[in-house]
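In what follows, structures are represented as structure tokens.
In the two complexes below, chain A is the common chain; its partner is chain B in one and chain C in the other.
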Partner chain A sequence: MANERAPKAEAVWERRDLLTGCQAVAEAVRLADVDVIAAYPIRPYTEVMDAISKLIADGQLDAEYVIADSEHSQFEIVKHASSVNARTFAGSSGTGWCYGLEALVVTATDRLPVLYLVGNRALDDPGAFGVEHNDAMMVRDVGFLLCWVTTPQEALEHVLIGYRVAEDKGVQMPMAIAMDGAFLTHSQHMVDIPSLGTVRRYLRRYDLSKRRMHPDNPISIAPQVNEDWVMELRRQNWEAARSARTVIKEAYREFNGVFGDRYTNPFFTEFMTEDAETILIGLGTVAAPGRTAVTRLRAIGEKVGYVSMRWFRPFPTEELRACLGRFRSIGVIDRDFAHGSPDDGGILMEEVRSTLYPLDNRPVVVDFIAGLGGRDISISDCMAMFRLTQQAASQAGMDGFVKWIGLRE
Partner chain B sequence: MIRRVEINYRGVFQKRLAKKIGGDVVRIASQMGKVGFSNGRYSDAPERSGIPSKYFAFVSSDLSEEELEAECGAELDIDQADVSIVLDDTLVKGVEPWAWSGIRPINENLRDGGTLVVVTRRTHEDLLKHIPGKPRGWRLATYEGSQSFSGMWVFRDDFTHERTLGAIAAAAPDVMTIEAVEACLNNRHPNDPTRAEAARRAFDEVVEKMKTVVVGTGVESKEAAIVLPKWFEFGEGTVVAAVPRGFEMRPSGQSRNQQYKRGTTRSQRPIIRFDLCTKCALCWLECPDESFDPVPDGLYDVNYTYCVGCGKCAQVCPVQECIVMIDELEFDDESSPWETFSKDRHAYVTWAEDKKSLGRLIHSYVPGSADPQTVKGERIPPKHG
Partner chain C sequence: MANRQSIEYAKIKGVHDVPLEEFYTSGHRTCQGCESAATMRGFIKVAGPRTLVTGSTGCMYVANTSYMTTPWIVPWMHTQLGASGSSAIGMAAGLRALMRKGKIPDEEINTIAHCGDLGGGDMGLSAISGALQTDYDLLIIMNDNESAANTDIQATGLTTFGANTTFTPPGKRIHITQRRWKKNLAGMLAVGHPTCKYVATACATYPTLDYLRKVRRALAVGGPKFLHVYAPCPKGWDYHPRYSHDIGRMGVLSGLFPLFEILEGHVTYTHDARRQREPVEKFLMAQGRFAHLTKDDVRYIQKMVDEMWEEWDVPGVVPTKGSLKT
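Right after this comes the complex of A and B.
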């Protein structure tokens, strides 16, 4: 009897299987025991909805699965489901994400912690399927949590971390996990899948508490207001975004405690930066050729490093300022483009540069527009970007230099 | 050391099959202690039915997964395949990379000494009539089979999946050994030894039928290298010039978009007995790709450069034996059949009947439910003398 009552020591990792980035997200949706899923197909996100519907059909996940008539309805459905305390999941790509934007921004202002997968895809026109980050960036200023992942393993883990952060009492914001179309969404890798018990130890129940819409808790959400109200509500939302920075740190600390030490820095990952003079910084899967280029340049004595950004909203201002302030020159890789922005660069560059502004000795910042619409970024492209960034440190007038990489010209 | 496996398949029709094969190469290699991953040439998908598409599997015993990914996964296509699998033998006539920017030889991405492995019922000599030569030696191997169908909604479990794993093990034991393939399949199907046995038989067959193709063998490639436009050469606002207006009663008499040639999509082509034609125009009306050209005598010529081989014309043609679908590997040009017919009716009819007796394919009504059958149809004599 005593033996039977003793808690079973459950292994953290249950099995290892080959999964695409999208399938890894679906596995995590199963592990997070999501209640309501709304789906509408658009490549590359579609594979997530395929994988989830298969999990439901196979009896591995018990959830409401609604195929909506558009992205707009899709995002409205999960918003409403979230308000009655259902854990929700949705997602999209490219212009589909944009079509649902009206529903996305109200989910943010209503502070409902829906989790979305954005399979990054170029915005039409021309119709193209390849990765470009402008789609996910559409929600960067409206009260979303937003991060990028680089491997299927990280994708699986960040769905769990994402719910943990988004549903936290002090946060309760929608969360978008962005993932490079093709290079991650459709690439099959071996992934460690944790046991359900382990995930339950990590992920608490979603509890909206007094904000839960229910006959026993009659409330009204988001009435029309006049000028007397909006600014205070915005300030409230800012408070949530601010506290998210602290909650993110907590969430990774807890994650490391349950799953083993997986992450040292929640916000970004540094590679060979200790004594580096020149670094590249980027979002998403460009980390693989970026870091491989670092290894090769290190082998011939070059002091280079790579910083892979993970969290974009909230932006890790203090942490990134402290990190990047140490270097002589910084090359930003933008898989996006900010049309008509200062120096005609990319979104990441503009944010990195403004983060560095208060420093007395600012590093030189140059920008590379690369990999748009799924164009490949090779190891040699990254080597070339390192060369230009090194050059910028010593050559006058190169601060703010923007170069398109891999363009036919 | 990196080993690269390329899997050529027909879009939609064989997508699941290619993905399963690529995935299993990684699973088996990782059971052997290697790292690997698998992806596809993404922009080929969502594939249009039948277009040549590719899946890849990459394996290494000394690189980290990230370095392997940087070397192979960060790029869209490969040029150093150790093994290139061809799941539909008509793909040996050439493949088009995405967006129909031009036809490339099937063996173009094979490294020196690499192996092209074709599922086919044809001989090496037959296949080499369509495959261009290479500046250095390469190997050609075959294992017997027909085009397995495993598209979006069906997976025809005819062991092509398992047999291809055996074929890869034969062509590149340093990707994975046949023993590891057998162990994986037996482990997955503990009560069904036939799958591992099928893999072993394909392995033996490929070992037996592997031949080095010496330099100088193979046809000359007809296709020019692809040159893509520079940024300032595009029309602004994503504007593309329309196909010029115009129509003439002659072969290729209709204006067609030069960017959307579809020849490599075809695994079979319609052969027309113009002498039996009643000029009902159904083929011309029903062709989804507008590949038929009205010609002055009231007949309808077919333009093979634009025909995808869907078989709709053969299906709607009310005259028995007038339009018949024939295996694409029976042909080596895309010239106008009506012109050949006009020059010598009797010779054309004899030629057409010969082709019909060689490579006529009958597909099952339920896609993928059975092998396509090669049947000899009734020989119809020429009409009207």
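Right after this comes the complex of A and C.
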């Protein structure tokens, strides 16, 4: 709601700029008036920290910027800053994210709404800079909010939505925004940047309230509980993750109200799926070649579509089940690996298949391990995946079939 | 920062000046005679209620801070084993940002992080080093009970040479398996961080009031500070709990644990072991953990201690040799 006494309604969008995914996130960190930032270098996420340090040096953001001695410290710093009621930002990539994992887990179990950028990168060994989703996936089971964005614009907006959801009284969970290394962290797009006033109308002040560390609020946080209480506390975390779905929907409704209708579905985006029989589903920037393949196949009359997943935690069970249940066959693109898992597929496939399990008429699900270590997933790769997925619809025994795409034989 | 509310402390001239109020009270389950617990009680007594505390994993978490029976009257938060340094930075950075931006009242609030010798002296060294490079007002206090006590007394980088621990038991073939010389931690931190204004060592109960005065001194100095506190542990060092104070005193008087203070680069010895040293044997033989040592072992330890006080360039602090003689 606009303030009635305000002399003139402020324009929602202030300017337009050519920004990379990382730079767009830095702009959002400025708009969110973040208080404490902890930095440590690792490609490809680092550019966000480069950009933030410049914003601070130029006086555009007033924040403590701590250069940490490691990712473990980086994440402990923001965790404890968050506990004294400061809004915080950090991030990492690949092996750096893993180095700080202990600190990430306790941030989740302590229910502190730190926001992170994960510039997805292959895990060591061997060294590779390119994208792979296993890094961000490390936190999927411990009480994190986790989403993937596909454009710099979406990245900027999801920092704001992210704080809105993460800091909500009923949620208070850390939030990781994942973006494909290089393909998004370092690719430039035109980005609409909202005004500070508009962001203030959307994003409330961070307030931990009775859980903040302050001499006026003398509490003990995370005392030793053992078997006496840990189960009840796990249950509270479970409850928060579960109910976060409702808060996410609210947060997008409010976002649409303030910024103009930008999102119809918070959790995933459908492309040409209305009458589709076969679809591909994936996380991140593979949506671009995926959608182009759809357009080309549609041009020759094929009933295909693409679903781009945004939220992975909490998993949009109901919505995705309702959406995917109507197709004949589904090809899951996994830019990750889960060696030795059921059917030896990827992480996303396992989750999609178990989502579909209660349905009487389950679509056939096949899996494509693709684009590991930053290998390009081309339009023709996507066309080939569509063909195989179509074939799976009519060929018995193909459910759970896994194929590695673009692998040197 | 013009109207900043600051904490005023009266000088501790004698025991009567020690505040009566306790901010670390009943509820903990530490062993009788636990000097690490005395370390906790002491620092918060003199720091007072406008203080935030984090504690890394260890006895002072697991045996100390249990749900619904926390002994802490001030805000206290667990931090990970290697995170005392980073937790202190986080709290201090958060407070500074919030105060500067007018989000909370501008006042002096102490941020203190405590850790054990394994958590701080080994695993968390990098984070402590990071903290000592900042300009935040923070204090890190390491209670050195010379073992990973909480996990049942394993040797750490700070354990005295020769000690029997669960990782370093004397055996039939090898009678000493703890062969690492105690890390020169406070010296290393002082020498390695030229802008850190205060690094000191102390023993929780000896000399009387010394530890409490050092905490106060540290809190009065701006920026990051480090305090290494010798904390005898009846369980791990294997002696009767009634002797904790005596064991600490003997450790100090033998010169095995150097007691000093480095304030803006100036070294002051609390106990000047260059002048006077009791034989280490007395200290060693009072504890079960050294019962297996031979005369030769004791001589070796004595030789190393003598060397520390007679040959080091800055005795007890900097182990380089000879540069001052040329």
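Here is the rule we use: the second predicted complex is superposed on the first by the 403 of 409 C-alpha atoms of A that agree within 3 Å, B and C clash if a C-alpha of one lies under 4 Å from a C-alpha of the other, contacts with A are read in each partner's own complex, and residues count from 1 in each chain.
The criterion applied here is as follows: contacts are C-beta pairs under 8 Å (C-beta built on N, C-alpha and C of every residue); 3 or more make two chains touch, one makes a residue touch a chain.
Source: prediction; values computed, not measured.
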Side-by-side fit of chain B and chain C on chain A, or clash: fit
Partner chain in contact with A:317 - chain B first, chain C second, else both or neither: neither
Partner, of chain C and chain B, that touches more residues belonging to chain A: C
Following superposition on chain A: angle at chain A, chain B versus chain C, Cα, nearest 10°: 90
Which of chain B and chain C A:195 touches, first, second, both or neither: neither
First (chain B), second (chain C), both or neither touched by A:265: neither
First, second, both or neither for A:295, with chain B first and chain C second: first
Minimum C-alpha separation between chain B and chain C after superposing on chain A, in Å: 24
Touching residues on chain B, where the partner in the complex is chain A: 19, 22-23, 26-27, 30, 35-40, 42-43, 45-46, 65-67, 69-71, 73-76, 228-232, 238
Contacting residues of chain A [partner chain B, same complex]: 18, 43-44, 125-126, 128-130, 181-183, 186-190, 285-289, 291-293, 295, 374, 376-379, 407-409
Contact set on chain A toward chain C in their complex: 33, 35-36, 38, 62-64, 66, 68-70, 72-74, 76-86, 88, 102-103, 106, 205, 213-215, 217-225, 228-229
In the complex, chain C residues that touch chain A: 49-52, 54, 61-62, 65-68, 70, 72-80, 82-83, 85-91, 93-98, 100-101, 103-104, 109, 126-127, 129-130, 134
